[in-house]
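Order as written gives the chain letters A, B, C, D, E and F; numbering starts at 1 within each chain.
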Amino acid sequence: MNHLPILPILIPALAGILMLFPTPASSIKYQRWLAYLSFAAMAYVCWQIVVSAQYETTLYVLGGWQPPFGIMLLLDHLSAIMITLTTLLAFCACLYGTAEEQTTGRFFYPLFMFQLMGINGAFLTGDIFNLFVFFEILLIASYALLVHGGGKEKTGAAVHYIALNLLGSAFFLIALGTLYGTLGTLNMADMAEKVALLSPQQQAIAKAGGLLLLVVFGLKSAMLPLHFWLPKTYSAAAAPIAALFAIMTKVGLYSIFRVFGGIFGNDAGALANIATPWIWPLGIATIIIGSIGVLAAPSLRLMIANVIIVSVGTLLLSFVINDGKGLSAGLYYLIHSTLVGGALFLIADLIRIQRGGAQDRFVIARSLAQPGLIGSFFFIAAIAAVGLPPLSGFVGKALILKSVIAANQQLWVWSVILLGSLVALIAFSRAGTMLFWHVSGAKADDSKKAKPAQVIAISLLLLATPILTIFAHPVTLYTEQAAGDIHNSMYQVQDVIHNSEKVSHDGHH
Amino acid sequence: MTINEIITAVLLLIGGLFLFIGSIGLVRLPDFFTRLHAPTKASTLGIGAVLIASLVYFSSQESGINIKELLITLFIVLSAPITAHMLSKAALHVRLPMQDNTLNKDMVEKIRNRESS
Amino acid sequence: MELLFAFCIGTLTSCGVYLTLRATTFSFVLGLTLLSYAVNLFLFASGGLMINAAPILKTGELITDPLPQALVLTAIVIGFAMTAFIVILAMRARADLGNDHLDGNPPDLPEVKRGGDSRS
Amino acid sequence: MDTTNQRKPKIRFFTFTLLFVVWILLTNSLTIGNILLALFLSASIVWLVRDIRSNTIRLHKPLSIPKYVLILFWDIVSSNFIVAKQVLGPIKKLKPGFVAVPLDMREPIPITLLASTVSLTPGTVSTEVSEDFSILYVHALNVSDEQALINEIKQRYEKPLKEIFGC
Amino acid sequence: MLNIVGIFVSSLIGISLLLNMWRFMKGPNMLDRVIALDTMYINAIALIILLGIFLDTTLYYEGALLIAMLGFVSTSAICKFVLRGDIIE
Amino acid sequence: MALFWVPLLTALGSLAAPSTLALNRSLRLAISALFPAAALAIILSYTEQVFAQESIRFAMDWIPALGLELSFRLDGLAYLFSLLILAIGLLVMLYARYYLSEHEAFGRFYAYLMLFMTAMLGIVLSNNVLQMWFFWELTSLTSFLLISFWGHRSDARKGARMALTITGAGGLALLGGLMLIGQLVGSFDLDVILASRELIQGSDQYLVILILVLIGAFTKSAQFPFFFWLPHAMAAPTPVSAYLHSATMVKAGIFLMARMFPVLAGTEAWFLIVSITGLLTLLIGAYMALFKHDLKGLLAYSTVSHLGLITLLLGLGTKLGAVAAIFHIINHATFKASLFMAAGIIDHETGTRDMRKLSGLWKYMPQTAALAMIASSAMAGIPLFNGFLSKEMFFAETLNQSTLGSISWMIPVFATIGAAFSVAYSLRFIHDVFFNGDASDLPKKPHEPPRYMRVPVEILAALCLIIGIFPAAVVGDLLKAASASVLGDKLPYYHLHIWHGFNLPLMMSAIALVGGVALYMNRQLLFRVQANFTERNESIVFDNGIKKVRNAARWFMQRFDNGATQRSVFWLLFFALVVSLPPLMQLNSTAGARPQLPVDTVMVAGAVLLCIASIATVIWHYLRLLSLLLLSVVGMIVSLAFVLFSAPDLALTQLSVEVVTIVLLLLALYFLPQRSRNYAPPSLMVRDLSVAVLIGGVVGTLTYAMLTRPLDTISSFYTENAKALGGGTNIVNVILVDFRGFDTFGEITVLAIAALGIYKLIARMRIFLPSANPEGIPWAKDKHPFMFEVISQALLPLALLISCYIFLRGHNLPGGGFIAGLITSIAIIQQYIAHGNDWLVPRIKLNYLTLISSGLLIAFITGVGGFIWQQPFLKSWHDYIDFPLVGKLEIASAMGFDLGVYLTVIGSSMMILANLGGLTTVDRLRPKEHK
């Protein structure tokens, strides 16, 4: 029995559970070691997962109940990428948090672990209702983490974020009800098969349900006009949390890929690609609004949040470009933008801490305690984020640009992506010069110097971007497989379903 | 039509009627304190008759004695008076108006403060 | 019956949605609660409506679709957790921000007059 | 709070028996397994709630309980009909009012039972008990004779309760 | 005959519920509404029992039991709220 | 392979300077310089092959998905540029050694400089246009670092940002152009692209490609209208200006035009765009240069002008023009770099670059003056200096075209005017600085610079002379090789001689010379004319432009996203409506074929109650306690509906959750205002109402459409196997703990996390505790009514027993861990309400957190139990075991799982409620009568 697919869910879950038991006096220390231990285990699991997905797609049937009756996990290239990415990002964020955030409120580590459990689960599950459950896990954990540390700003942002997401969950359930009420199944691959067989009247109902899922996932991924929560939330959250949240929009995007590529994909008959006509204009608009937000942002964190919105728009486009053939490029860009986004939030936090009362606002303030170190971090991250050589942002954007073939798509995609980069360039150069060089006479506060854990965390994240550039070839090979898996894994599960229908259940022991 | 069924039907009718009368009382009675009496009817004879009807009906079948009805009754009998007590406490506390012809109206402040004489 | 059921769900949804659009946290919670009733009923209905067909196995009886029921159960529990969280958050917001406006900073509008029951 | 240690087991035993019987009736099964389970559950629950008890009392004449219950039952039925007539008849003729019933008992449990009894019989509701447990304030739907009502409550309900609890 | 009685009684209870609702809407005080709600709970219990007889099943009785148990909790909590504001103090 | 080392060496060199902190400067310079020197040696080693018009290539796979490979090519043009980059780079490094003061970050400067060198080499050596772009943008970045080297200065920051923005924007346009070419040709390989002239020029995308590529080139080479960044880049240290802004980076655009010349040039569009841009740049630069008082400003505009000249030459599209352009690239690099260095020396030694303050320096630094005079003569195009030769070629070319038709004569005329200005500003540079009276009030007492600081200038000035006198011998082969790589094998006939006889170009030169001197003599007049125009500071204009854009963005964002939650909520709902309405319109009838259930009085009554209650909630939502009661009504009806439609488990769950929610809301309500304010104007309410009704309509329609259509689901599997495989008769419960136990595992995790989160929220919450109800009546004195206490205590054991019953039967009959857990919680909560926190806490001895973690752990362990038998997570197991005395009992792993659920539910709900309840107990202001 190969338990590999479920380990990314169980390891953080177990760690989180164990952290809740009453422990000896230094319980934070105990929790931290548990966290490190589980990250070490996860590192090994990720390695195994990446290798395993390379030569086969693994189905994990929970409780031994064959699809479509039981819940099923799906380990393919796509989920392998997402899990590994999450683990890396989460490790760095967690490491950063050991410097300070672990003690600014209770349950930092357990919530972090549960958050991971939710995210990993969402990436692995092949069952749409189970996806809902994991969404809720990651959401409730994110709510709790968002208010970590306390304060007005966080509370206000949390109200906004949670209010929207609760409504989103309501629509998720309506969508699920509609889909179950027409397709009569919850396994995504089974749904994919049954979608094509619907009668015209049922198609209309299923389409409404399917498109409601776009609302849900669009909200999570911060697609226009559902993106309003993002700047507020990300800029209010404690730094390691904000960094971890960089993966949250990707959960929404991932779900869009899986559901609208897999269930309502090219094989869905009359309901094929139902989301595409919506994603096109909205993706473009997301980039535009994000870019305007980048320009308008009065503080670094707000600016980064808007940069993330731009990347969301870009990723949305990568999904619809050329009927899904741009997705491989999109996945490369997804890896890049997640890690860089996370790094940027951590860097912004160091800047905020060292600049005193001015925080990360673009106003004249005291000099940073470590301008050289943080400046270099910022410069590298900015290059990557803008999409300039020699870092991975350039590769990602170029890959996406290259994947556009049709002339009318080219005009739109190229102009918004390139203009978006220009805006980012302007904004980042302004931000950098403002924060690092435009300093008042006030003395730098040396007591606020970055702690080693923080520096290591940021370095690790930033290290990823040159590595992604240098090893772009193997990475793109993997993402190509992953993009293909959106369809291939569905076929594979469908085969299993057909075969298990023939073979009678081998029962219990 | 067995005897059990007839008893059941009669009890159901009684129960239904008293539940109905209780609800009418709730509508008709003039002030809060008089309305407080309405649910006691419903929660005693009304629901009681229905529960006994059920007890009778199911005991005729071979599923054995069903005490869930008794348990429900127990709960209602124990809790309804307390509900009424708490409600009237609360009503006295917020000084709800009562009908002018209420006897011993002057006693109200005393009751409210739980004085003894 | 189905029409009546659908109408009730529609009404619940409308009321819930309207309340979630109000400006105070409490109204939002109210709306959300109504909406989750609607959603739960909706999800429940996705398996069809049947009377006297509880999904408890006896012999040879008609049984309604048990799956939506299991889903609704999960949804109810999760909904409860979420409601609890936002209720406490609303309290926290009032404590931190000083009022119960959804945004913590109410627009400077004169209060719109309202009729109706003033007692609470 | 508990006044003596001897009283506690009695209440516990009463609760235990009640739980045991209820369980057996609920599950409607007399297998050894179920009996063991019933014993285990009843004992555990009694043990779990052992501290959650602020008032306790000894049953003096437990055998009078059935008689009391029968009286109560009869009163409920009869007064239901009386009150039904009042409710359906002309409302304006009703003379609602508060009545103070002086109490002879001072223990919380019997008083609670008395008050409950009063409330259960339609037409009267126990609204409050004075702080020193000396007066039970009752609201009645129709008070034709204040003293008669007081006497009825004392005679019909308080007296048997006093007997049962021996106070 | 039991069927006819059942339909009649259930209609009676249905109307009772509507009457309760009328009182609920009319008020005039919050506590009047609480009584109305409490009476509704009683009627709901009756309705469930009736349905059980009607469908010849005891599957739904726990529902009635729960209403009996829980109705008390919520009603008393509301009273406590009116009395003290803080229900757990 | 060796070619690959050229950029790599300089890249490695950038690490050398910063990593040799301990050594002295000269040594550090020497070590650093080794790297470019080695690179130069490699380039030079290919001289023979290049002059023989061979191309040296090196290629390595990198990102095939992108069509990007590491691919280098050394041909004549690349050779020429590499030479310039490395040789002048070395000179600049030497010069900078003396230019930078002691406290400045020497290592960092060298690192940036050599990174820049790498980028430039990358551009010129690339044999893949994408790779070329890669390095192209790197030059923008590194030049940003170099210009902003003195980041504490506002002009440096602004200049750097402006340069980055303009060249970066151009770079993005270029990327677009190159991608288009790549798609058109099917490859980014330069060899392939250069062989695709017909394909590209014949494509209907040609014009787009041309414009995009030219935007890239023009921004980089400071062509009109993008030239303004260059003068502001002069805020950079002078070595940077000498290197980037005269010799190398600004030539990258020229290089690009030369590189793409074979495929893009020769069309009408090319000619019109490039030549007119070049001409305008030439004139404006020359004119502006004359009016700059800043030495470097003068040189910057002069550079602009000369870049315009080269562009114009390339724009003419003739082969000879291209040769002349390449020749002028060489010449301009030599004289302009040396002039910048001279200006740097002057600045360094006098402390100012303002020509109004400088004068008579001849006396103090005659050697520098002499060198500057040589270089300016070259710039002015005086015979014997190299600038003269290329200028003559330029004049000749302007005469040789007729593309503008009857107004073609304008080009040579304007060229001559430009040349005259060139003479004038060169004269000004020399006369105003070195002569023109005596120096007064200079910040420093001027003297000659350190010996070795002058060496680079000497070398470059010497080159100006040598090339000017022996052009063919010195640069003949180089020029030929470079031209050949642009123009192919058939080079036009040209000769590099110092003397071409009396001809029209010479006439033009003479006119320019005389005109230039005249212009300079009458400069005061010109200055006065110019003074009438307010001087545009492009930096301010640019800044204001950006600021305007930013303000517009801010204005827009404030309107679009005012941060209001309500607006976001509205958008969400609106979007949901917009996506779901169209499909429903395709539904031609709402009702389907499935038979429907009949309606009776009770159902109608229930529906009426539900609708009234929910609408009343809307109407009275601002009366909070009332809305709570209404919610209870709705909840009750919903539970009844579950009962009616055969869902006993749901009814039980709904009921218990309902009560817990009410208790929770009551607890919360104590701390919240009792009434809501209404903030919405009527118009907004109408809008909200419409959206609400429409969404309700959509959901209702969906419900009806769904309910009335036949459906085939997977659920028969559960019905058939619940008993046999799941070991239970309550199918819903079997699904929850077995078939879909994983959902339940997630669900209790959600509950647990919610409890943790709420604990966090409650911690350190500062709350407002009202001391009286909203009507002003103080709270009742009787905290715990005794009758309530008595009955609550009596009910507790019963409630617990019932919860056990519900728990144990759950697998076969309605019930289960969740409901049982909630019942237990409610029973405990009831005790809290009756007795209060203080009384109960010491008596209840439950650690809710431990309860949660134990519950989760039990569920977890039940789940992983199957691992031992090689079974998947949550593999269930059940069997009948014969116990002695007791008999056969069914034991199922699902029970363990359900126990986990049970404990977690109790722990979570109690943690939420008890903590919230306890919130007031600690610091509650106790009323006076309670002592």
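To be clear about the criterion, a contact is a pair of C-beta atoms (placed from the backbone, for glycine too) under 8 Å apart; a residue touches a chain by one contact, two chains touch by 3 or more.
Just so we're clear, the structure is a prediction, and the values are computed from it rather than from any experiment.
The minimum number of touch steps separating subunit C from subunit D is 2.
Distance between Cα centroids is largest for the pairing of subunit A with D. Distance from the centre of subunit F peaks at D, each centre being the average of the chain's Cα atoms. A straight line joining the Cα centres of subunit C and subunit F is 40 Å long. Centre-to-centre spacing of subunit A and subunit F amounts to 17 Å, using the average Cα coordinate of each chain.
The distance from the centre of subunit A to the centre of subunit B, each centre being the mean of the chain's C-alpha atoms, comes to 58 Å.
Each chain gets one centre point, the mean of its Cα atoms, and the points for subunit D and subunit F are 75 Å apart. Each of the following residues of subunit F touches two or more other chains: 563, 565, 569, 573, 604, 625-626, 644, 648, 669, 699, 702, 706-707, 711, 713-715, 718, 739-740, 743, 747, 750, 753-754, 757, 761, 773, 775, 780, 782, 787-788, 791, 795, 798, 802, 813-814, 916. Shown for subunit D are the residues that touch two or more other chains, namely 22, 26, 115-116, 126, 129.
Within subunit A, contacts with two or more other chains are made by residues 129, 133, 136, 140, 143-144, 147, 150, 159-160, 163, 167, 174, 177-178, 180-181, 186. The full set of touching chain pairs reads A-C, A-F, B-D, B-E, B-F, C-E, C-F, D-F, E-F.
Interface of subunit D with subunit F (complex): residues 15, 18-19, 22-23, 26-27, 31-33, 36-37, 41-42, 45-46, 48-49, 51-55, 108-109, 111-112, 115-116, 126, 129. Those residues of subunit F whose C-beta lies close enough to touch subunit D in the complex are 786-787, 789-791, 793, 796-798, 800-802, 804-805, 808-809, 831, 835, 839-840, 843-845, 883, 885-887, 889. On subunit B, the positions that touch subunit F within their shared complex are 71, 74-75, 78-79, 81-82, 85-86, 89, 93-95, 113-114. Against subunit A, the residues of subunit F that register as touching in their complex are 61-68, 130, 133-135, 137-138, 140-141, 144, 148, 151-152, 154, 157, 160-161, 164-165, 168-169, 172-173, 175-176, 179, 182-183, 546, 549-550, 553-554, 556-557, 560-561, 563, 565, 567-569, 571-576, 579-580, 583-584, 586-589, 592, 698-699, 702, 705-707, 709, 711-715, 717-718, 721, 725, 738-743, 746-747, 749-750, 752-754, 756-757, 759-761, 763-764, 847, 849-850, 852-853, 856-857, 860, 863-864, 867, 869-878. Within the complex, the subunit C residues that touch subunit F are 1-27, 29-31, 33-34, 37-38, 40-42, 44-58, 63-67, 69-74, 76-85, 87-92, 94-95, 99-103, 106-107, 109, 111-112, 114, 116-117, 119-120.
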